[in-house]
Every structure is written in structure tokens, then in C-alpha cells.
Amino acid sequence: MKIGFIGLGAIGTPMAHNLVAAGLDVTVWNRTADKCKPLVEAGATQGDSPADCAACDVLITMLADDAALSALVEEHDLIGALGQTTVHVNMATVSIDFAKAMAEQHAAAGKTYIAAPVLGRPDIAKAGKLQIVAAGDADAIETARPAFDVMGAKVWPVGTDAYRANVIKLATNYMLMAAVETMGEAAALTASYDVEPGDFLEIVTSSVFAAPAYQGYAPAMAQRDYDNPEGFKLALGAKDVDLALAAGHANNVALPVGAAVRERLAEGMAAGEGDLDLSALAEGSRRAAHLDD
Amino acid sequence: MKIGFIGLGAIGTPMAHNLVAAGLDVTVWNRTADKCKPLVEAGATQGDSPADCAACDVLITMLADDAALSALVEEHDLIGALGQTTVHVNMATVSIDFAKAMAEQHAAAGKTYIAAPVLGRPDIAKAGKLQIVAAGDADAIETARPAFDVMGAKVWPVGTDAYRANVIKLATNYMLMAAVETMGEAAALTASYDVEPGDFLEIVTSSVFAAPAYQGYAPAMAQRDYDNPEGFKLALGAKDVDLALAAGHANNVALPVGAAVRERLAEGMAAGEGDLDLSALAEGSRRAAHLDD
Amino acid sequence: MKIGFIGLGAIGTPMAHNLVAAGLDVTVWNRTADKCKPLVEAGATQGDSPADCAACDVLITMLADDAALSALVEEHDLIGALGQTTVHVNMATVSIDFAKAMAEQHAAAGKTYIAAPVLGRPDIAKAGKLQIVAAGDADAIETARPAFDVMGAKVWPVGTDAYRANVIKLATNYMLMAAVETMGEAAALTASYDVEPGDFLEIVTSSVFAAPAYQGYAPAMAQRDYDNPEGFKLALGAKDVDLALAAGHANNVALPVGAAVRERLAEGMAAGEGDLDLSALAEGSRRAAHLDD
Amino acid sequence: MKIGFIGLGAIGTPMAHNLVAAGLDVTVWNRTADKCKPLVEAGATQGDSPADCAACDVLITMLADDAALSALVEEHDLIGALGQTTVHVNMATVSIDFAKAMAEQHAAAGKTYIAAPVLGRPDIAKAGKLQIVAAGDADAIETARPAFDVMGAKVWPVGTDAYRANVIKLATNYMLMAAVETMGEAAALTASYDVEPGDFLEIVTSSVFAAPAYQGYAPAMAQRDYDNPEGFKLALGAKDVDLALAAGHANNVALPVGAAVRERLAEGMAAGEGDLDLSALAEGSRRAAHLDD
């Protein structure tokens, strides 16, 4: 099976490496071409254009946002370049509007498109343990499954409408941002009573909150060291909450916790922490409480 | 070792049963006396008064709120009734102000008081798997440890100031209420896009949010059946958020997520759902989105 | 002075009528052409195309949103059609991004563009008492002043960067939506204590809150009758809060009150009240409190 | 008519001065006795005890909070000291629970109690232009009316249940705190786009928001000078929002805007601004946006 892979960001890069390491025939392309080098050294083929990737059995795209995929589709006629039997698997986090538009455009061109956004951070991607939420034609999902099995710990099929996978991804990230903000608030509360954040965070993440959403962010909060190249950037968290709020507003679903979280993310970005790990949200709670004044 | 036990509510009752079942010498007292019967049948002694419990090596109190313990202390001179070597272990969730006052009153009377609030719902209490956060004199904590070992999976000692255990408990419950509200919002969001809440909740609670705080509430949300006598009542959630917000405001720690959650809890209570399981918060998100209109 | 006028909505129509009634030479155009009839009967000229309006001394556009003006500009080459000395006065509420883009596009084409959004509802527009916040080239503002003097009670010049007028407009509407939501919450609070909303609202709008932002919405709240064709639609309020939040997020300015208000607007729209007067926000507070159950 | 007056704080002092200046027979008492001096110099009588004030035709109490009046009532048997025909007029801002308890205690003792909280800041009190919201027995209100006419611009009778006046007062202050916070947020938003806060605030407070709630706070925001001995202290604003939220929670009325405002007030107090004028809330919005970094 030939796999095309476009989008070598923080999550896409380890995903592609795992595909290559598993012995699959992978053709990569990236706007910044030199990001392909390590993959080529590992055994991947570097495509001359996106069309080379689109001519494979499976095309995986993993771009940063709606605009990046939209540009790729328009500038390189990506849909036109897809083979008649190619399955285009969009694994990125996109807006619901864009997700629906992508599905419609592929269908109109007689091409196959599925959505398969992933749950997990770069280190999880590296370990090949992502959770993959897949929606679209069931046969197409099966076609992509060998690749999914390499990249992920589990595939969750959630129906034939591709956008359904995307809304689940947005809702999950929504919960994640709320969880991290809440943990930061709680750590500030306990710190104001002279409990070391690390002591508090160890207790909660060992018991009631013993889950990746918390355990992945508590150590950085405890050490107040948010410089994590493999982390989930605070600014991306703001982007994802925006997508969730937009998805909610489109259907008139009120999301009051997310609304409050979004404003805290704004404060963090105003503080210049947008490129730090999401756990830096805890600093906002400390600033608001003037704990370090 | 003789143990006195006062407060046979939803959590206290299974805790006391476990102590008796472990062969410890337990004297129980409860304002509503007939709640003692099953324990006496199991081997406990029924005290004639709170003083009988206070005369033991360890007195455990597990009352509903500040007012209940305050009334007990005042009406029955509970502190005066404590033996010189008795360790009074307050395992209830109380306000920080009251926690500090209790510690001071015991100290002034030359008596020993520690705080040991628990993390976990009634079913966890029944299984003897509570997390026990303990603060106070280290020797006193050791005195109580045999009882802790029976009731809990782990003891977390967090220093000598008793209120520190209480603030950790409040912060944990604060995170819990935020987690459940957020999960309800996310479920409403996905439901508005025709994703079954159960499908969404299974994915998140099997992966990023695979922790008791979520797994304990997701099934009821999925089934929309919130009648759970062993659950955590929504109205108690509101009380606990009030305690956390009050603890925050006392130190000028802003808790914006909790503030938003508190108003959702108000809506749930206005809807007559205060006595349902906390997971009923999800109905508020559905109502706000008018999903069932 | 010849005036072109495009955009005959709830505010634009009375503005145009006032210009005609003042004896000015007005050419109107509207996508739905029959909206021009009453104005033509009153003395206006109906343009054959937007270009006829753009060929005047002053072109006033008053369209519903960014998309409407954007479509007009693109489909009819509106900027190209502007005369060399024509002043294009955009009086609509637009996003800051679009405001900046408009100014740039006009400048690039060597044409004159100013922003002059208005404060006031349809009845204020009808009375010619709008507050006009104007930004752009000072001479251009003076060119448009005769028209402003007819339509408004006062012109507030706020500098040469056109977007500055737009941000003031967005911030004002932001305050308005927060004011109306807060008044609705307060009315629900007092109603829960058996104070008639009308009694409470009369007191506050006669004293501490004796301003149009409150007086314009309190009577409808008191009577719970939100059917007001000349009102400010709740759904437009949501749109404007979105614009304000987007303007804030672009600069990382946290707006926690607006975030909370936005979610209440979502609930109102979910309840099917988007086309009602903004004062219908009060019903959301009543529903959340289950006052009418 | 003899008037007893207890409580010489920021609002009470000018109220009492106006009564004396109007030629009424006023007996004053204050816990800090030397605050009575200027009034005695102006013609008032200094009482030896609260009972001297309670023996008048009308007793006005204007104390800082529930605790202060509660202490006065208990320590000095104030209710017992009231004459059979004395009307006790409580003009302070109190909680709804306390308001109900006061009414009950007076009724049980066969004494007459009405609530008459005031709207307005110290400068309004000095000018004798307060808005007085009065509830209780209609005859009792008439008995106090000569005093009200001196102190206020208008009396609003709102029924026979005294607590109704208090809930209106709390709801009004709730709206005030929300208005000032919102104005601060809007000023930060416009400032981030290089609009001077003073320019923005002049426009809105001259038009849509031309009311005391805004005009009384905008100048300090514009000048960023919050040192105002006659102002409304930020910390009192937090206290009043707490009372409003508590009144709401008692009836399960959700107040999401107030909840958000309360957390901003916490931040202001954490910043050490609790004793500044309420308009200092604007600094919190500036800090969150890091405008002055």
C-alpha cells in the first residue's frame, strides 16, 4: 500500500516516521521541504509536488489549520489530483464548516474523503499510541486501517458523515483546555493556602484525575517550567477553543465554561506565553491572584 | 484500639461498616439513632451520647457540613468530652474558616485534632478505596492510620496545619464539578451534531479522560438516568463549589471556571434536580441548547 | 451635494428618508429593489446600479455585515466606480479586520474612504438623532458633514484611522449587550423575590441607569413583549458580541463579561428568539431560574 | 419629630448632616464616638447609648454590614429599646437572609421595622439626592417620610415586605458592578486599538450610557486616578456582588455576568486595590490585556 503524507508539524512528523518505520511505502511532501529530509533518510520518498502524494492509495493530510489545507487544495488542485480509488484521510483538527465543505467538494468530484482526527500530544504520536476518531465511508476507513494501526492505539469509527469525527475532536480538546485551566485555578487556590502545587497536583493526578488530560500537564505546572517543544502550545489551545465555540454557536449550544477558559487563554497570550506549553495557563491563575507579587 | 464514629451519611456509613468488618472496636452515634442499627448488628457498639465516642482512642466525625459539626460540638461539649490522648479526626468536607476554628478550639482545650477529608464517592467508600488527605500532628495521623488503612487506598499526609487537607479537598471537588459540567457541555455540543452522547463519552473516558472524575459520571449522562442513591448529589456539588469560591475569595484568588460552573448548578437546582446525581448537570446544557424542544 | 445611498435595512431606511426629507439630492440602490420605492416616492432617485450611487459626492453604505459589503465591492467593482473626489462613508458595523482591509483597498485605488458607524436604534435613526462616530481623513469627514448633520445629533471625530471608529462602535455595542443581559438577570433576581420586573426596572431606569441603553429595553422586559420591528434583534446582538470578542482576541484582550453574555445570547437563539428584540435576553434569565415552570 | 441616627460612615455622615441642617431634632450615636463631633457642632445631640437613639420617633440605622447591625442589636438590646411607636428604618445594604430575620425579630417584639436602602454615592448623599427604596408598613413609611424628603430626591415604596427593598438594592448594585466592569473591559479593548480611554468614555457616557452608573466612574477611568475618598470602594463592590449572588443562589437564580464580575473584583483586591474607587476595575482589564507591560 502506498501512502502519501502531507503536513510535517509537531504531530504529523512522528506519525509519518512511524509509518516509514513500519515498512510502509510513504511519499512525503511539505511546504517547507527540508522537513522531509529526516523522513527520506529513514526510507520515505520525497514527492515533487502534492500531486505525487495524492496519487497514492491513501493520502494523509495533517495541516495546521483550515487555511493551510484550503490553500493546498486550491493552489495544487489536490482534489483533482487524487486517484479514483485514493482515500484522502484528513487527520487535522479543522472547523466544522470546513469539514463539511471538504466532504462536499470531494463528493462533487467523485473522490473519497474521510476525517480521522487524532487525540494525543507529540509524545503519544511518537509512541504510535494516538486515539484515532474516524468518520466517513466504512470501506474507506478499512482501506486506511493499516496506517491507522501503525499510528494509533485505537480507531473509533463514528459514522459516515466525516464532520462527526471533527466535532468529537473539537469537543475533546474543549474538555482538555477546560481541564488544564481548572487545574491551574485549583493549584493557585491551594498555593494561596501554602500548599505546594506539586503536592496538590500529585494527589489529584494519582486519584480522581488520573488521566492523560491532567497527568500530561501537571508536572510542568508543578515545576513551573513550560518550555516543552513536544507539548501542546497554549496558542493552539486558544485556536481549538475558538473552533469549539464556533461549532457551538453555529448550533446555538451555550458553552459557558469554554467561554471563561477562552478569556484566560487570551490573558496567557497577552503575557507572551502563546508558544509555551498549555500548562502555562496555570501562570494566569497565579498572576490573577498576585501570588508572586 | 477503640474508635468512635459519628456521622452515618452516604459516605460515613460504608466507612464505619468497613471499620467494623475489619474487627476494630467501634462505637457509633448518630443524631438519627436508627441509622446505627445495621452497624450494631454488624458488631459495633451504639453509644449513648457523642461523649461515648469521644472517649475512644480515635474519634472520627463525618458530618454533612460546618453547621452539623458545629452544633454537635456546642450542644454536646464534644471537645471537652475528648480524652487527653484521643485523636479527633474530622473527615468531612468543611469550609476553611471552620477548619481553622476547629483546630484553634481543640488546641485551646489541649486536645488533638486532625483533618482527614476523603476523595471518592459512596461506592469507593464501600470498597475501602478512598483517598485520604490528612493534615495535623504527625503522631496523631499515625495513631489514626490503622483506621485509615481500612477505609482508604492511600493516605496523603500534607503537613501539620489541619486546614491544608481541607483546602486540597475543596480544590479537588472544585475540579470535579468543573469536569462534570464541562463533560456535559461537550456532550451537548456533540449531540447537536447528531453524535450520540454515549458514543462521545465512551471515547473520551477511554482515552484522554480515563479517570474516575469522568468515568464515574459518564454512564449516567449517556443513559440520561440520574437517579443514583449512591451518587454525589448535584446540590452537594453546589455547596462544595460555594466553599471553594469562598476559600478563593478569602485569599482573593479568582476562579472564573468555578464561577461559571456555580451558575449552571443553580440552574440545575432550579430545575428540581438538586437531589439527582451530579451528572444531571448535563441536562442543563441540553436545556440551554434546547436540544429536546 | 449629491449623495449615493446603498443599504436600506432597519437603520439605513430612516437615515435615507431623513436625507431626502432635508432636501438633499439622494440616489438610492438596494439589492432588493422594491425597498427603494418609498424613498423614490419621497423624492429620491433610484440608481440603476451601485455605480450610480458611487458616482456621487458622497457614497453612504449601510449594509448588514462584512459579507454584504464585500460582495457589493467585488461584484460591482464599487471601489473602481467611486469618483476621484467621492467620499465613501461606511456607516455599518463591521469587523476590525474588514475595516482595515476596506481602508487599504480604497487607499490602494486612490479613493477616499471613511468609517462612520452610528449609535442608536431604528427609532433614533428615524428621529435623526443618531450619534455618529467618524474616523478617516478630516477633510473627507467635513465633506460628509451636511449628511451627518441631517442623520445625527452629534458627530464624534476620532482620528484618521478609519478602524478606530469601528472599534468604538463594537465596544459600545459590547457594553449594550452586557447592559441588557445584566438588567435581565437583575430582573429575574428581583422577580424571584416577588418584585414585579416593571417596578424594579422603573426604579433603576429612573435613577442610576437612566440612559438609553436601559430605557430602550426595560419597557419590553417589563411587559415581556419582545415583538418590536423597530428594535435591535437579539441575533444581531450575538453577531456584534462576536465581532467585539474577535477584536479582543486579535489583541489578546480578555473580555470575560462579554464571553458570558455571548453564551446567554446562544441560549436565546436556541429558544427561537433571535428575531425578537434584544430585551428578550430577559427570558433566558427567567428560563434558567425556572421562574415560569 | 425626633430622629435617632446610628452609623456615621461614608454615606451615613452626610445623611445625618442633612437631617440636622434641615432643622430636625437628631440624636446621634456611633461606635467610634468622635465621629459624632462635627454633627454635634452642627446641632445634633450625642446619645449616651444606642437606646437614646431608639427612644426617638424614628430610628435610622446605617451600618456597614449585617454583622455590624447584628452586633448592635445583640449587645445593646436595640429592639427592646425601641419605643412602642418608634419606626426603625434600616437604610443599610444587608443580605436578604438578615433582612428577613430583622423583620421577624421586630415583629415578634411588637416593634416597627422598615427597610429603606439608598441608591447613590457619598456625593449624592451630601447633595440630599439619594433614591430611597422603602418597604414595610405603609404608615411607618409615612412616619419616616419627612426624613426621607430631606435625605433623598425620591422615595420608591415597594410593598410591605421589608426584604423587597433590600433585594432591589442588591440587584441595583449588581447592575452597577457589572456596568463598571464592562466599561473597563470596553475601555481596554479600545485602548488596545490606540483609542484613548478618555475619548471612548466621553462618547459612550454622553450618549447610550449617559447615566450616573457610568458617568460617576468614567472620569476616574479616563485619568486612571482612583483615589477617591468619597467614592464607592472596590472591596465594597465585591461584598455587594456576594450578597446578590447569595440572594440568587438562595432562589436558584443563575447570574452568570455577576459571577464573572466577582472574579474580576477578586483580582482587583489581590492587586491591592480594594480600597480604591470601584472604577479601578478598569485596571484589571488592562492588566489582563498586559497593556502596560
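By written order: A, B, C and D. Residues from 1 in each chain.
Just so we're on the same page, a contact is a pair of C-beta atoms (placed from the backbone, for glycine too) under 8 Å apart; a residue touches a chain by one contact, two chains touch by 3 or more.
Source: prediction; values computed, not measured.
A.B. asks: Weigh A-C against B-C on C-beta contact pairs and write down the one with more.
C.D. replies: Contact tally favours A-C.
A.B. asks: Over half of the contact pairs shared by residue number: find the pair among C-D, B-D or B-C that meets that against A-D.
C.D. replies: It is B-C that repeats the A-D interface.
A.B. asks: When the centre of a chain is set as the mean of its C-alpha atoms, what distance in Å lies between chain A and chain B?
C.D. replies: Computed value for the inter-centroid distance: 36 Å.
A.B. asks: Centroid from C-alpha atoms only, then distance chain A to chain C, rounded to Å. What do you get?
C.D. replies: It comes to 38 Å between the two C-alpha centres.
A.B. asks: Measuring from the mean C-alpha position of chain B to the mean C-alpha position of chain C, what distance in angstrom results?
C.D. replies: Roughly 52 Å separates the two chain centres.
A.B. asks: Two-or-more-chain contact residues of chain C, please, as numbers and ranges.
C.D. replies: Those would be 248, 251-256, 259-260, 263-264, 266-267, 270, 288-290.
A.B. asks: Any idea which chain A residues touch chain C in the complex?
C.D. replies: 238, 242, 248-249, 251-256, 259-260, 262-264, 266-267, 269-270
A.B. asks: Help me check something: in the complex, which residues belonging to chain D touch chain A?
C.D. replies: 256, 260, 263, 266-267, 270-272, 287-290, 293
A.B. asks: Which chain A residues qualify as touching chain B in the complex?
C.D. replies: 96, 119-120, 131, 133, 154, 156, 158-159, 161, 163-164, 167-168, 170-172, 174-176, 178-179, 181-183, 185-190, 192-195, 199-200, 203-204, 206-214, 244, 247-248, 251-261, 263-264, 285, 288-290
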